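What follows is a set of structures to go through.
In the two complexes that follow, chain A is the common piece, with chain B as its partner first and chain C second.
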Partner chain A sequence: MTTPEAALTTYKQKLANNRLGLWLFILSDSFVFAALLVTRFYLLGDKRPHLEQELGLIVTSVLLISSFFANRAEVQISKGNRKGFLTSILITMLLGIGFLVGVVGFEWRLAPFGPADGPEGAVFFMMTGMHAFHVLTGVIFLFIVFRNGLKGHYSPEKHWAVEAAANYWHFVDVVWIFFYPALYLIGSL
Partner chain B sequence: MQSTKMDELRRGALVFLGLAVLTVVEYYLGTHEAPAIFLWVVALLKAGLVLIYFMHIGRVFRSEGEH
Partner chain C sequence: MKGIFSYGILRGLIGQAIGWAAGIGLVTGIRALMGLAYKAEPAWVVGAALGIIGFLIGIGAFRDWFAWAKGEETPDPEEIHEEPGVKRYFGYSLDHKVIGVQYAFLSLFLLVVGGSFALIFRVELVQTGMQWVTLNFFNTLIGMHGMTLIVSILMGISAMSNYAVPLLIGARDMAFPRLNAFSFWLAVPASLVLVSAIFTGGFDTGWTGYPPLSIRAPMGMQMFFVAVFFAGWSSILGALNLIVTILRMRAAGMKMFRMPIFAWATLATSIIALTATQLIGTSFQMVSFERLFGMGFFNAAQGGNPILFQHLFWFYSHPAVYIFVLPGLGIISELLPVFVRKPLFGYKWVAMSSLGIALVGFLVWAHHMFTSGMEEYLRVPFMYSTLLVAVPTGIKFFSWVATMWMGRIRFQVPMLFLIGAIIVFLMGGLSGPPLGTVSTNLHMHDSYFVVGHFHATMFGGFIFPLFAAIYYWYPKVTGRKMNDLLGKIHFYLLTPGFLIMSFGQMQVGLLGMRRRIADYDPAQGFETAHLIITIAGFMVAFSVLIFLINLFVSAKRGEVVTENVWQSRSPEWTVLPTPAPMHNYPQPIRVVGDPYDYGLKGARYVEVLPQQAGD
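Here is the complex of A and B:
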C-alpha cells in the first residue's frame, strides 16, 4: 500500500469517529434548546409574545436560504469546485450575519418589553439570545473554513471541517425551526 | 461524476423548495389561529428534511467514513 493510500484510509477511519463526536455534541447541545422550549410553554402557556410577524418570517427565510447555501458549499467541495464552494460559504456567512442583524439589531429593539419585564421578556431574550450566540459561533466557524479554503486546505477526499461547519449550521437552523413557531405563531396575544 | 453533482445540487434545491413551502404553510396556519398541533407537525417535517437531506444523519451509522 502506498503512503497516500494509507493516509486516506487513516483519514476515513478518523472521519467516522469525528462524525460520531459531532453528533454527540449536537445531541447534548440540543438539550439546552429543548429546556428553553419547555420553559417557554411552562412560563407563557397559551400566550405568545407580541412580536413583528413579518420580521419573524423574514429572518426565518434568511436562515433557511443560508442552510441551502451551506449544503451547496459541501456539495461543491466534494466535487472539487473550489470557487463554487468559497462563494457558497461566503453567502452562507453573509446570510447568517443578516439573520443576526434582523434578530438582535431589529427584533430586540422593536420588542415592546425588555429582558427584565416579566416572563415574556425573559423567555424571548433568553431563547433568541442563546440561539443568536450559536449563530455567531457558526459564522466564526464558517469564516475559519472560508479562510482555510482560500489557502487550498480542502479537497474532494478530505474536507471534514467543511462538513462539520455545514452540519453545525444546519443544527442552528433546526433549532430555529422549532423556536420560530414557539415564539411567533403558537398561542394568542 | 458531473451528473451526480447535478443530482445533489438538484436535491438540495428541491429540499429548500419543500422547506420554503412548509414555512409559508406554517405562517398561514399561525396567523389564522390554527391548532398548535398542525404547527408542530409542520416543524417536525421541516426538521426531518434538514436532518436527512442537509445533515445526512445516515452517515453517522457508517463504520468507515466517506464524504
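Here is the complex of A and C:
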C-alpha cells in the first residue's frame, strides 16, 4: 500500500514529466509554423496578400483576449474557485469559435483569390488553414476540460488537463502573433 | 475478445480496411452531393489517412485516452500485468521491452522488403537495355527501396533505444508508456500505406519526391506522402518520449555524465527527430495539397518555386542521416568496452560529440543543393559547415581506436560486428568530404559515387551496429544465445560482400554512372562492374537470410543463458535476471560509479538499494 504522501510525490513526478513532454511537443509543432513562415517570405518576399484589415484586427483581438481568459481559468482552479474556472473556460472556448468563424467563415470567403490562384492564395490558405486546425483542436481540448470540470474532476492540487489546455491555447495564440503581421502587415500590396 | 480476435494486430488490420473504405466513401459521397464525379486521388488520400486512424482504434491505442476525455480513470501502467507469452508481441502492450522487440520485427520486415526491391533492380542493371522491368516499375522500386529502408532504419533505432535506454538508465519504463505503444502502432499501418504505393500506380521521383516531377507523378506518390507523414509522427512522438525518459527517469545517482553513451546518443538523435522531422512532413503535405487543391507552392508556372521544396525537405533529410547513424555510433561506444575489457577512452568527449554532430547537422542541409540553382553565395558556407561534421565524428573514431589499443579483445560475434561497423563507417566517412566540397561535388553530384558513400555510412552507422546490438541483447529477450557459427558466417559474408558492393558503386560513379537510371550506354564499359556489384548485393542478402534463420531457430534451440553472458557492468545484466522480467528493477538501484571502468580494481557502478519498508 502506498501512503498519501508517496502518492502525491509520484503525482508530482508525473506532472513534471507531463510538463516537459508538452513543452517538447510545442517545440516540435513550432517547426511546422516556422516552415510556413519561411515559405511565406520565400515565395512572397515583401509583398503581402490583399486581405480585410478590419477583420484581421478583430480576429486577432478576439484570440488575444481569449488567451487572457485561458490564463484566468487556470488561476481560478488553482485557487479552488470552480465557478470562475468554468466561466473562464467557456468564454475562452466561445472566443476561439469566434476566431474560427472570423477566419474560415469570413476571411476565406472575402479573400479575392482562391487556394489555386498563385503563391498568395497558396500561402494564405496554408497558413490560416494550419493555424485554424490547431485552434480547432484547442477548442475540442477546452470542451473536454469544460465537460470534465462540470463533473467536478479538477482540484487546486490536481488539474494538469486544465494547465495543458491553457498552455496549448497560449501556444496557438503566440503562433498567430507571428502569423498576423506576416500576412496582414509586413510588405506592400 | 476471444479466439483469433484476441490478436490486436488483426483487429487493427480490420480497422484499417474499414477506415480506408470509409474514407473513400466519404469523399466520393461529398463529391456526389456537390455534383462532382468520382475522382480517385482525393478519395484514396483521405482513405489512407482514415485507414491509419482505423488501425489505431482497432488495436485499442486510443482506448485509454478516450477514457480520460470522458473523465474516467485508467489503471497505472505499472500495475497492469500482461499475460506472458508470444501473444503480447502481436497486440497493444505497454512494456517498453515488448515494444522494442515489436519495433525490431517491423524494422527487419521492412529491411527484407526494401532489400528485395534493390535485388530486383540490381538484376535489371547487370546488362544494358531493359530486361525484365518496365521503366515506371524500376523508378517505383528505387523510390520504394529508399523510403522503405528509411522507415526500417527509423524503426531499428527505435527498437534499440526503446529496448535498451530504460534498462541502461535504470528506469522502470518509458516516461509515457501509452504514447510509446501509440508511436509504434502508428508506424505499422503507415508502413502498409507505403507499400501500397506500388499497387496504386507507383511514382517516379525516387525517395526525395522533388517537385515538379512529384506533382505530375502517378497516384502512388500520394500514398508515399501519407505514409511518410504518419511514420514521421511516429518518429517525433517516440523522440519526445525518449527525451523525457532520459532527462527525468534516470536511476538515483546517475548524473548526466554517468549516463551510458548510448543514452547520450539517443538524446542527441531524439533532439533532431523531435524538431526536424516536422519539416519533411510539412513539405510533403504541401506537395500533396498542391496536387489536391492546385496550391502553387512549387510550380513555377503558378508563381511558386521548386527550390523552396528542396530547402524544406533537406532541412529534415540531411539531419535525418544523423538520426540514423548516431544511435549506431552510440552502440559501438557502448559495447566496445565490454569486449575490449578496458574503460571507454574520453567518455566526456564522446558524449559531447554526439550532441555536436546533432547541432552541426542542423546547419549543413544545402550541401545537397550545390547544383540545384540556389543562390551561389550559399555554397561556401554550407561547404565549411559540412566539413565541420568531420570533427566530432573524428573524436568518435579516435575514442574507438584508443579504447581498443592494448585491450584484451574478445572476438565474440557482437565484437566482430563492431569492428565491421568501424571499418565500413570509416569508408563511408572518408568518401564524404569529396561530396561536401563544392568543386568536386559539382562533378560527382547525382552519380553512383553518392550511392556508394551513402550505403557505406548507413551500413557502418546503422546496419552493423544493429546486428551487434541484436546479437548482444538477444539473450536478454529470449533467455537463449544466438548460434555463434551462423553469426560468424553472417559476418564473414556480409562484410566483404558489402565492401565490394559499396566500392563498386563508388567506382562506376566516378566513371560516370548516374543514379536512378534504369539503363546505361554499353560504350561506358561498366557492365562487368555492375555484374560484380549485383553479385555482391546478393551476398549481402544471403548473409541477412542466414541471420534471420539464426534469429528464429535460436529462439527455440539456442544455448540457454541465465547469467551475465558478456560479463557486462551494465545494470540490466548485473541486476536483472535473464530473460528480463516484465517490470524492470523491482528493487530500486543506485549508481555509485562510472559506467565503463572495465578492468579497474575496486570500481563499482550500480548497487541495489534495500527494499523500502511498507512498500
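In the analysis below, the second predicted complex is superposed on the first by the 187 of 189 C-alpha atoms of A that agree within 3 Å, B and C clash if a C-alpha of one lies under 4 Å from a C-alpha of the other, contacts with A are read in each partner's own complex, and residues count from 1 in each chain.
Please note the rule applied: contacts are C-beta pairs under 8 Å (C-beta built on N, C-alpha and C of every residue); 3 or more make two chains touch, one makes a residue touch a chain.
In this text the structure is predicted, and so the values were computed from the model without any measurement.
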Query raised in the report: Can A:H153 be said to touch chain B (first), chain C (second), both, or neither?
Result: second
Query - Chain touching more of chain A, residue-wise (chain B, chain C) - result: B
Query raised in the report: After lining up the shared chain so the two structures overlap, which partner does A:L20 touch, if you call chain B first and chain C second: first, second, both or neither?
Result: both
Query raised in the report: Does the superposition put A:G187 against chain B (first), chain C (second), both, or neither?
Result: first
Query raised in the report: Between chain B (first) and chain C (second), which does A:P119 come into contact with in this model arrangement: first, second, both, or neither?
Result: second
Query raised in the report: Once the shared chain is lined up, is A:V101 touching chain B (first), chain C (second), both, or neither of them?
Result: neither
Requested in this report: Please indicate which partner A:F31 is in contact with in the superposed arrangement: first for chain B, second for chain C, both, or neither.
Outcome: second
**Report entry** First (chain B), second (chain C), both or neither touched by A:I144
**Finding:** second
Query - Common interface positions of chain A, toward chain B and toward chain C - result: 13, 16-17, 20
Query raised in the report: Which of the residues in chain C end up touching chain A in this complex?
Result: 68-69, 71, 175-176, 179, 236, 240-241, 243-244, 247-249, 274-279, 281-283, 286, 289-290, 293-297, 302-305, 308, 311-312, 315, 614-615
Report task. State the interface residues of chain B toward chain A in the complex, per the touch definition above. Result -> 1-2, 4-5, 8-9, 12-13, 15-16, 19-20, 23, 26-27, 29-31, 33, 36, 39-40, 42-43, 46-47, 50-51, 53-57, 59-60, 62-67
**Report entry** Contacting residues of chain A [partner chain B, same complex]
**Finding:** 11-20, 23, 53, 57, 60-61, 64-65, 67-68, 70-72, 75, 78-79, 81, 156-157, 159-160, 163, 166-167, 170-171, 173-174, 177-178, 180-181, 184-188
Query raised in the report: Where on chain A does chain C make contact in their complex?
Result: 1-3, 13, 16-17, 20-21, 24-25, 27-29, 31-32, 35-36, 38-39, 42-43, 115-116, 118-119, 121-123, 125-126, 144, 147-148, 151, 153, 161
